[in-house]
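These notes open a run of structures that come right after.
You will see two complexes here that share chain A, one where it goes with chain B and one where it goes with chain C.
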Partner chain A sequence: MPDNYVGKRVKRTEDPRLIRGLAHYVDDIALPGTLHVAFVRSMYAHAKINSIDTSAALAAPGVVAVYTGHDVAEKIGPVPCASALPELKVPDHRVLARDKVYFVGHPIAAVVAKDRYTARDAVDLVMVDYEDLPVVTDVEQATAGGPVIHEAFGSNIAYKLTSGEGDIDAAFAAADRTIKQRILHRRLAPIAMEPRGVLARYFPGEEELTLWSSTQIPHLMRTQVALMIGMPENKLRVITPEVGGGFGSKLNVYAEEALLSWISIQLGKPVKWIETRRENMAATIHGRGQVGDIEVAFKNDGTLLGLRYSVFADLGAYHQLLTPAIPTLTGLMLSGAYKISAIQMNIVGCFTNKMATDAYRGAGRPEATYVVERALDLVADDLALMPRNCVARTSLVLTSFHSTPRLVSITTVATMKQHSTRHRRSQAMRICARSRGRRARKDV
Partner chain B sequence: MIGIGLSTYVEICALGPSQAMPAGGWESATVRIEPTGKVTVLTGASPHGQGQETSFAQIAADELGVNINDVTVIHGDTGVVQYGIGTFGSRATAVGGTAVYIAIQKLKEKAHKIATHMLQADASHVAFEGGKYSLEKAAAAAAATGTSDPVVPVGEAPAGALPEPQTEGKTSLTIQDIALAAHLAKELPPDTEPGLSATYFFEPKNFTFPFGTHIAVVEVDRDTGDIEFLRYIAVDDCGRVINPMLVDGQVHGGIVQSIGQAMFEEVVYDEQGQLVTGTLMDYALPRASHIPEFELDRTETPSPVNPLGVKGVGEAGTIGATPAIVNAIVDALAPFGVKHLDMPVKPENIWRIINGH
Partner chain C sequence: MKKAINLSVNGVSHTDEVEPRMLLVHYLRDVLELTGTHVGCETSLCGACTVMLDGQAVKSCTVFAVQADGSSVTTIEGLAKNGELHPVQEGFWERHGLQCGYCTPGMIMTAAQLLDRNADPSREEICHGLEGNLCRCTGYQHIIEAVQYAAKKAAGS
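Here is the complex of A and B:
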């Protein structure tokens, strides 16, 4: 390849428009007649909804419509989870809560008004009668007799998965020494500089919808939103204008994207929602969220025999697109750069009364590096190898430039195929078929 | 109190083979040369700050021998761009950039065929270099003098060596000339589709495996527990580098987010499930003053998984840096018998350890 440009520090052609404020983000797109959406979100982490009174909000000047979970339950399919794992529990994740709320920030109602201030003010006029339910936020409590979040599942365990390679029991049996350490990967907020934002415009004549969204995956979103609202995929156009960062938090299909699309069709007008920072903290996915126990088996000379990592993954109340799959990626990289005879990862995926976790820059893999690199320092410390950061590694082997030494659970990843997607899709299609049937009868 | 922390990683990225992905692990590209000679690249990747409008234009400009200002990279519009998967998992350049590269090779195959026809030469005598399809020297000489071409091997049709009047003396054509001719479609070879455009969907055979080592040197203030970086050194291998400035930027950003995770950030819900860190007043992000001068270096081991040799670097910083930072802080506190500290390690935690609280 000629190399006039490749390999050189070519200045970013994107920058002049970004630096001068000439770029267009979703919120910079102003369409005539646009209505604005604001959300009533749960103030409680776990509660029963006895009633929702929208009358005062509807009576407020400038308010056009208020939609609750029961208004849209039969019209919009569930928020998709594309992860498939053996015996994975997938809660029915609707775009608006119906009879219960499961986390602080859980959307309950969408208020549509002529401007965003009116919409925001009217949110305070929606009266929600909550009845407190016991809350579970700790993963160990969640799996040890704590309150059950999704009653139909009978427990808060979304899935259990053991993966690995080599004979882990033999490794520990042959060890001169072992160490054990609990480690925490706290939940992190991805905090893209631009929060999420959605603008939907329906063209009644063409029966086409254009959806502007701050996303990392425009085509996957088109497919999923089309299924959710029962629209032919080729009548839906998704545009991602300038996107102010994602870090994985916009590798998702959220309730708001489908809901605004549907509202635009109902009202025949463009509708816009721009996430506030507070919403971004509460209702955009979080990253990490693992409570893990490392166990290492090794010899007196520093040879690593076995690594076991047992983790409670804090999934949150619902699955977003890849929520259950993220912790499984940790298993792929647990060997780090080292030759370890046996590796085992045990995952317990837990429901908690929190926003979902999902992909955040690295997505399960930084956890792996942290586990193995912390473990090595602990081993070095245990053996009093000095300097602690170097000597322990001299007996270790970097085996290849083009693979990790052990692809622990490649087969697990390979099973993350269509199973779940198919299930969700058929669910979405059934709902859409029902609502279409109703519409058709009305037309007759 | 000074501590040194080390972290070595081999990561798995450029997600990924479709077998390992829930909704396709390939990426797509269309490359076309417009009638005016401008180059349009449509990528199914969806860059959102990574700078692929620049780096994909670098690939296209070099491969087509055109000025980079003549290349526009379009993404993020399902009404314009062929189906794509998107940008995540350090995949956009390794998978999406490769799709661009291969689409260009397809486009050049067609351009070569048209060039051969227009120059009335034998295909093997037309070479592409610097944005031009040119007759090789001997063939050019033959074309200029109108004599038969002595370099045509025996047994091969010498048709291309007999120039038509309108191309007399013409020994080269720019790829833009060919694009225009392809659009006007008046002198195309038989059975050739008009236009100059190619689309490719690239399915990678495997993930890529970048690797590297990060070293943090920190000083912990005995009185306040404050942590200061004395040095931060990162050596990463993300395969072939298209734009070193963009790679540096990705590593910088990743390390900054690692500093955030290691020392500041934590989403906190209380026992009632209330989100305590609901605003940026409560959720601590690292500020510019917390960030050290980064000392970056690289090795370049091309990946065998794609023809560009690219591996991806979007997440290397968050994968490599966090343990190096925590290991350094633990090392600094070794005199106090500290073997492990949980993230985020805050001055308060350290102060309590030092003061026995």
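Here is the complex of A and C:
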């Protein structure tokens, strides 16, 4: 068997349908009687909503329904955040905005119509009276006592967290030299080639719902959407057809997935929403968004004693599924492949008037790589060494865990093999135990 | 006010009444149910919607269906002949020119037209020819190799 694959070219089994245009992404699935949803989204980063007038949209031929935040607030539960951090502030994130909008792209109303052109036209007929509010875009400005986004919290700080290992103060006290450098990890839009898309079909007789979504996490979504719309989980089926890229941006449970499900139940019809690219840029999660200071303590011979990374994390206006957790992953990876006796990460998670940041390609960990590699370059530069001659670089620990167990270490191929064999074995045991349990229950 | 159009798509002729503002890509996808042509950006930037209009690669998200009246359109579904893959399709499969596959139909149509015009393109000419098509998965290297494979294959057959 291995001879057939190891070192051989393997052709992908999914390619024939993809290269012939015969594969099905969400928008390629057509159900009879499908209604189309388009969203009224905020043009303002921060504003009060004085009123929403949907009458003209509702009167337009082909428009079936228009839902606003107040229509659904009591019907659909909040968009979930799965991160648990000490004293984390979690704003009440509803599927549609009610009295305030917090970022450009914030959904305000859902227009349902017989086709996608009519739905899009009717979006322009919904009149929203906004009252501009001061906008918080910069993370340092967010924490400097300016306007507060979520007034109930009293500040724009969602959480503060210090993590690390070793005696960082001792490391800096013992250092011959120290360097401090401000670095930026720019906010970015993940931009999968296929935008997000949802198709929901409720079967009124069976009281069952099938939800097609371009997602990376159908299983988790099933649980969460069921909770949001108050439906027993066994009545909800989530199908993920072909997905045209995600890069983390589809590793989430979004407002639209619950809202479309709920609308389908209300109207007893299949409803579809396919995100436009403009919506995708504004209202699908963003990545990165860290502004921080690297501080390095080192000896004259290039030995690294301590690394401190103090960062303002731009979380956006709301938490999506993993928003607050992403910067903490940076902390777990800060040592990179190097032996550094003391490491500290200080995070200030900040609310800003933007879409949430969340998992994007490595989810906080590429940031750590940049930090530690940049730190070593700074040290090398300061000591006029070739970067590769830095002591930290030459003291890679390849076979043993170093002194910072909360930070990652390199294992050899041999230990990785041991790990994976052990993992497989324990997994097999767990599966056996589970099936035994099932049998036992059946017997009863 | 709908307008009658008459066009040939993948060798089959169609007559339909469409709104003048209906995009060609929506006509192909929603009316003819040829969903292999994808919409990625709606603004001619990404090339996922590329089809052949009278032998020219065009981005069907910024062409109205009425503009295609009287024309001949080839979509990704019409590229394989008698069950045999077009050399470019074969190249994408052989050289791992795709991952998620969403940009692939547009990439393949653009590459096919590139080879129609220039049977033996240099690497630079391939890169230039594919500038209007975006891919987020592959990093493009395998796509270029797929087109080189197709050029070689077409020359050999």
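Following the convention adopted for this analysis, the second predicted complex is superposed on the first by the 382 of 444 C-alpha atoms of A that agree within 3 Å, B and C clash if a C-alpha of one lies under 4 Å from a C-alpha of the other, contacts with A are read in each partner's own complex, and residues count from 1 in each chain.
Here is the rule we use: contacts are C-beta pairs under 8 Å (C-beta built on N, C-alpha and C of every residue); 3 or more make two chains touch, one makes a residue touch a chain.
This one's a predicted model, so the numbers in the text were calculated from it and none came from an experiment.
**Student:** With both complexes superposed on chain A, which partner does A:Glu14 reach: first (chain B), second (chain C), both or neither?
**Tutor:** both
**Student:** Check the residue A:Lys180 against both partner chains and state whether it touches chain B (first), chain C (second), both, or neither.
**Tutor:** A:Lys180: touches no partner chain.
**Student:** Counting only touches as set out at the top, which of chain B and chain C does A:Ile191 meet: first, second, both, neither?
**Tutor:** Touch partners of A:Ile191: chain B and chain C.
**Student:** Looking at A:Lys48 after the superposition, I want to know if it touches chain B, chain C, both of them or none. Which is it: first, second, both, neither?
**Tutor:** Neither partner.
**Student:** If you stack the two complexes on chain A, which partner ends up touching A:Asp27: first (chain B), second (chain C), both, or neither?
**Tutor:** It touches chain C, and chain B stays clear.
**Student:** Chain A residues in contact: does chain B have more, or chain C?
**Tutor:** B
**Student:** Per the contact definition in the header, classify A:Arg277: touching chain B only (first), chain C only (second), both, or neither.
**Tutor:** In the superposed model, A:Arg277 contacts both chain B and chain C.
**Student:** Applying the touch criterion given at the start, work out whether A:Val104 contacts chain B, chain C, both or neither, answering first, second, both or neither.
**Tutor:** first
**Student:** If we overlay the two complexes on their shared chain A, which of chain B and chain C does A:Gly244 touch? Say first, second, both or neither.
**Tutor:** After superposing on A, A:Gly244 lies in contact with both chain B and chain C.
**Student:** Once the complexes are superposed, what residues of chain A are shared between the chain B interface and the chain C interface?
**Tutor:** 11-12, 14, 191, 242-245, 247, 277
**Student:** Which residues, counting only chain B, touch chain A once they are in their complex?
**Tutor:** That would be residues 4-13, 16, 19-23, 44, 46, 48-49, 51, 53-55, 57-59, 61-63, 65, 68, 75-79, 81, 83-89, 129-130, 206, 208-209, 211, 237, 240-246, 254, 257-258, 260-261, 265-267, 269-275, 277-280, 283, 285, 301, 303-305, 314-315, 318-320, 322-324, 326-327, 330-331, 334, 339-340, 342-344 of chain B.
**Student:** Give every residue of chain C touching chain A within the complex, in rising order.
**Tutor:** Per the touch definition, chain C meets chain A at residues 19, 21-22, 26, 29-30, 33-43, 46, 48, 75-77, 79-80, 85, 89, 92-94, 96, 98-105, 108, 134-137.
**Student:** Of all residues in chain A, which touch chain B in the complex?
**Tutor:** Counting only chain A, the residues touching chain B are 1-14, 44-46, 82-84, 103-105, 135, 137, 181, 183-189, 191, 210, 214-220, 222-223, 236-248, 250-251, 277-278, 281-282, 286, 288, 322, 325, 329, 332-333, 335-337, 353-354, 359, 361-363, 365-366, 369-370, 373-374, 377-378, 381, 387-390, 393, 398, 400-405, 407, 410, 413-414, 416-418, 420-421.
**Student:** Which residues, counting only chain A, touch chain C once they are in their complex?
**Tutor:** 11-12, 14-16, 18-25, 27-28, 30, 116-117, 191-195, 242-245, 247, 274, 276-277
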